[in-house]
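Consider the two complexes below, in which subunit A is the common component and subunit B and subunit C are the respective partners.
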Partner chain A sequence: MTPLLSVRNLKKIYGRGCPNCLSSPPRECQDNRCPRCAAIIACSDISFDVVPGEVLGIVGESGSGKSTILNCINLTLSATGGQIFYGHFAEGTRDILMVDAQTRRTLQNIHFGIVYQNPQLGLNFQVSGEGNVAERMLVAGHTHFGQIQTNVHQLLQRVELPPSRYKDLPNAYSGGMQQRVQIAKALINEPAIILLDEPTGGLDVSVQARILDLIRSISREFKVAMVMVSHDMQVIRLLCQRIIVMKHGRIIESGLTDRVIDDPREAYTQTLVHSTIQ
Partner chain B sequence: MYNFALLDESSKREVRRALLKAIAIPGFQVPFASRELPIFFGWGTGGLQITLSIIGPDEVLKVFDQGDDDSVNAVNLKRLIQLTTGVEVTGRTQAATLLQTRHRIPEAPLRADQVLVLQVPMPEPLRKVEFRESETVRMHAEKDYGKMYVKLYEDVLHHGEITLASDYPVLVFDRHLMAPTPIPRWDVPKLHQSQHLSLFGAGREKKIYAIPPHTGVEPLSLEDHAFRVEDFSSKACIFCGSTAAYLNEIPAPQGARQAYACSDVAYCHAHRTTREAAL
Partner chain C sequence: MATHLEVNQLTKRFKLHILEGKEIVAFQDISFRIDRGRFLGISGKSGYGKSSLIKCIYRNYDITAGEIWLHDETGGRVDLTQISDIEMLAIRHRRMGYVSQFFQPIPRVTTMNVVIEPLIDKGWERERAMVRAKSLFQLFDIPANLWDAYPSTFSGGEKQRINLMRTLIDCPELLLLDEPTASLDRNNREIILSIIQELKRQQITMIGIFHNPDELALLSDEILSLERPGEEGNAANDNRLATAARFAFQVG
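Take a look at the complex of A and B:
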């Protein structure tokens, strides 16, 4: 199957960088920091494919570069090196890291959807929940208020936001409701892929379960591909067909979820799998 | 005593440079080195600097403020310009070659040989929805006007209609969102595919922008909540009887409940003269 998204040798360095850490793979680096120039290597030599409809999980400890990858795909961070190809843009022949600012904005607004752990990043707190979702349709060129509102209401109903709360500002919502609005916002333009950055982090367990249930049913119903970042192995096991394990900004293991969780090869993966409280 | 038109030649050249760039990129706000003037920022210094930079000795000048040629602001600007250039000053819209205005566009359509200079208090149309200058610059660069459209959406959602009264945001040449200055919505269609050149100067904010002739100017709107101008149906000016001009409500004479008068005084005079001649 032709991949929907191909990430090739993605690299992100915070700091100037030096020949040592800019080389691929970085030489002499034991962890995230270059011993020569002290630049932070957030991620390096990241390559993977996502096929249509697939849910890919990215796991790893805090600071291992998981969110950096998502932000590079969403083009909110500019990568230091590498290439990303997206099937619905120029038939996947053009590197989306190289596009101009206006095209980048179009890709972000119309082709990708992103759900952040922190709703402050994903929602506009000055406008209503409904307005937040409508914004994405407006930037995609829809201008008919009635039609937009119908679509938005349908989707908000699907993500189970109570209709009496549609007009409220996001700061009047509970954490779970904020995530539901973010998910609706990511889905409204029916993108082929959505990016989830720990969507259930910071929520209590029962709300977490319902949000995960929603994400799972949406991925089937909308046949949308997902890249999901989490440090929670249970969440990953529930949702993802395939996972990537990261440490110090590099992929150390990847494969089918069941294989990686039941038979982890790397020492770090073993620790990660076994440190879950049962 | 003074240089012609008060400003020194290099200052004028700076303003003209900004004007040329502004005309080349319709609706784009060009930063310029706004000068100190013998009037306060906020009293029309942006418009005044443009006028002083493009005025020639043969120009016929009209300065008006909210349609009125005799307001304190307009009279003072006119005196300053006349004192330093010696140009002829007029109240008649048709007779003027250079028109400086605050918050109105004349009712009479302008010709290709006339230039309209508008005073701008707040050049950034996105300021209503985004307070950071760095962000608004980025939004213009990327044509990212989603927040402004959401403002319209929220208006309709909460109030059933778009609540922007004056300074209605317009999309110029299908590219840049622009503040048309606090002119009433009534005047916005006059900027679309106009015969004349419109120049906008914001002295305090140090920005110049322009709409060249024959340029598309579209007010932002939603398909099912289209842009509308103010409604003056069943109202007429008590002085000239016009029903086709922008009207101001004025103190009603004894016995009357409401009274309206033309905001554009020159138009009102002309209309009254032609009507009386016809009688």
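Take a look at the complex of A and C:
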């Protein structure tokens, strides 16, 4: 199957870097820090594909580089090296890390959607919930007010935001509602792929369960591919067909979700699985 | 007859990093071949690697060494140990079914939706998928009041039947069965056995583990008998027996 997204040797370094840590793979590095120049290696040598409609999980402890990957794909963070190809842009032949600012905004606004754990990052708190979603349609070039309103209300209904709350400002929403609006915002322009960064982190379990059910049904209904970051193996088991396990900014293991959970290969993966699955 | 699955010198070892890299041999150097439409029974004592073997074929476990060739009807073949995860998912969806020993219900998904999900994922209309599910429910004797309930609350036997239905609804050409009758009462066991015999008539190739020797003999065209995986495993077993004997003596 032709990949929708191909990430090749993605690297993100905080600091100037030196030949030691800029090499692939970084030499002499036991963890996230280059022993020669003390630069932080947020991620290095990251390569993977996402095929249309699949849900790919990225797991690993805090600081292992999971969110860095999502932000590099979404072009909100500029990568130090590597390439990313996206099937709906130049038929997957041009590296999206090299595009100009205008193309970058088009990719961010129309082709990708992102849902953050922290709604402060994903929502504009100065405008209402429906305004947040409508804004995305405006930047995508829609001008017909009635059409925008119809689409936004349809989607907000689908993500189960109570209609009486459409016009409220995001700070008046519960954590679960904020995530629902973020999900609607990510989906409104019908992107082929959405990126989810711990979308249920910090929510209580019953709200978490309902948001997960929503994400699960949306991935099927909208046939949208997802890359989902989580440290919760139960969440990953429920949603993802394949997963990538990260440690110290590098991929240490990848595989079918049930394979990684039932037969983890690496020491860290074994610890992760045995500490979270009863 | 045409070969359907061919396994060459398959070995599975687990390396347990948390136990200082201790290695456990699940099975070693297993080879067999199964023709299209035949039933291969797997026998062997508990701990001899029967389930592990099936899991390796389905890539629920990684293999340590060996080849697993899946043949198609046009003479082509593919080594399941060499293909990508994406390709393996496609084979799981289109050509292979696996019924595990334990059913893991998907939280908050109803019986009906659990069973029709494989068809929905393939793009079937919901109504059409439900018609097929309903005929399976009848065959498997699942009463209508359970269709819209969550399987997590069901009895072991009901869960096991739902597990089977979810796999069978999509008519896989190769079916891997890990003790599908283990938690069933006699009536339900007979239903499952007759369904498996019907699948045999439909030329579905099957590899199955059954603890009951009568069931194994009834269904199998051939039987693969697994031996103990290595001296190490046997020593541990003897050790365990010795411990049990000592314990019994102390209690007495």
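We take it that the second predicted complex is superposed on the first by the 276 of 278 C-alpha atoms of A that agree within 3 Å, B and C clash if a C-alpha of one lies under 4 Å from a C-alpha of the other, contacts with A are read in each partner's own complex, and residues count from 1 in each chain.
Just so we're on the same page, a residue touches a chain if its C-beta (ideal position, glycine included) is under 8 Å from a C-beta of that chain, and two chains touch if they have at least 3 such contacts.
This is a predicted model, so every value here is computed, not measured.
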Which of subunit B and subunit C A:D213 touches, first, second, both or neither: second
Touching partner for A:N124 - first (subunit B), second (subunit C), both, neither: first
Contacts of A:R104 with subunit B and subunit C, given as first, second, both or neither: first
Contacts of A:E135 with subunit B and subunit C, given as first, second, both or neither: first
Touched partner set for A:T143, first subunit B, second subunit C, both or neither: first
Subunit B versus subunit C as contact partner of A:R242, first or second or both or neither: second
Touching residues on subunit A, where the partner in the complex is subunit B: 101-102, 104-105, 109, 124, 126-128, 130-132, 134-136, 138-139, 143-146, 148-149, 167
Residue numbers on subunit B that touch subunit A, as the complex places them: 129, 138, 141-147, 149-151, 153-154, 156-158, 221-225
Touch list for subunit C against partner subunit A, complex: 14-18, 55, 59-62, 85-86, 88-90, 106-108, 120-121
Subunit C-touching residues of subunit A, taken from the complex the two chains share: 1, 49, 51, 54, 209, 213, 220, 238, 241-242, 254-256, 258-259, 262-263, 265-267, 270-271, 274
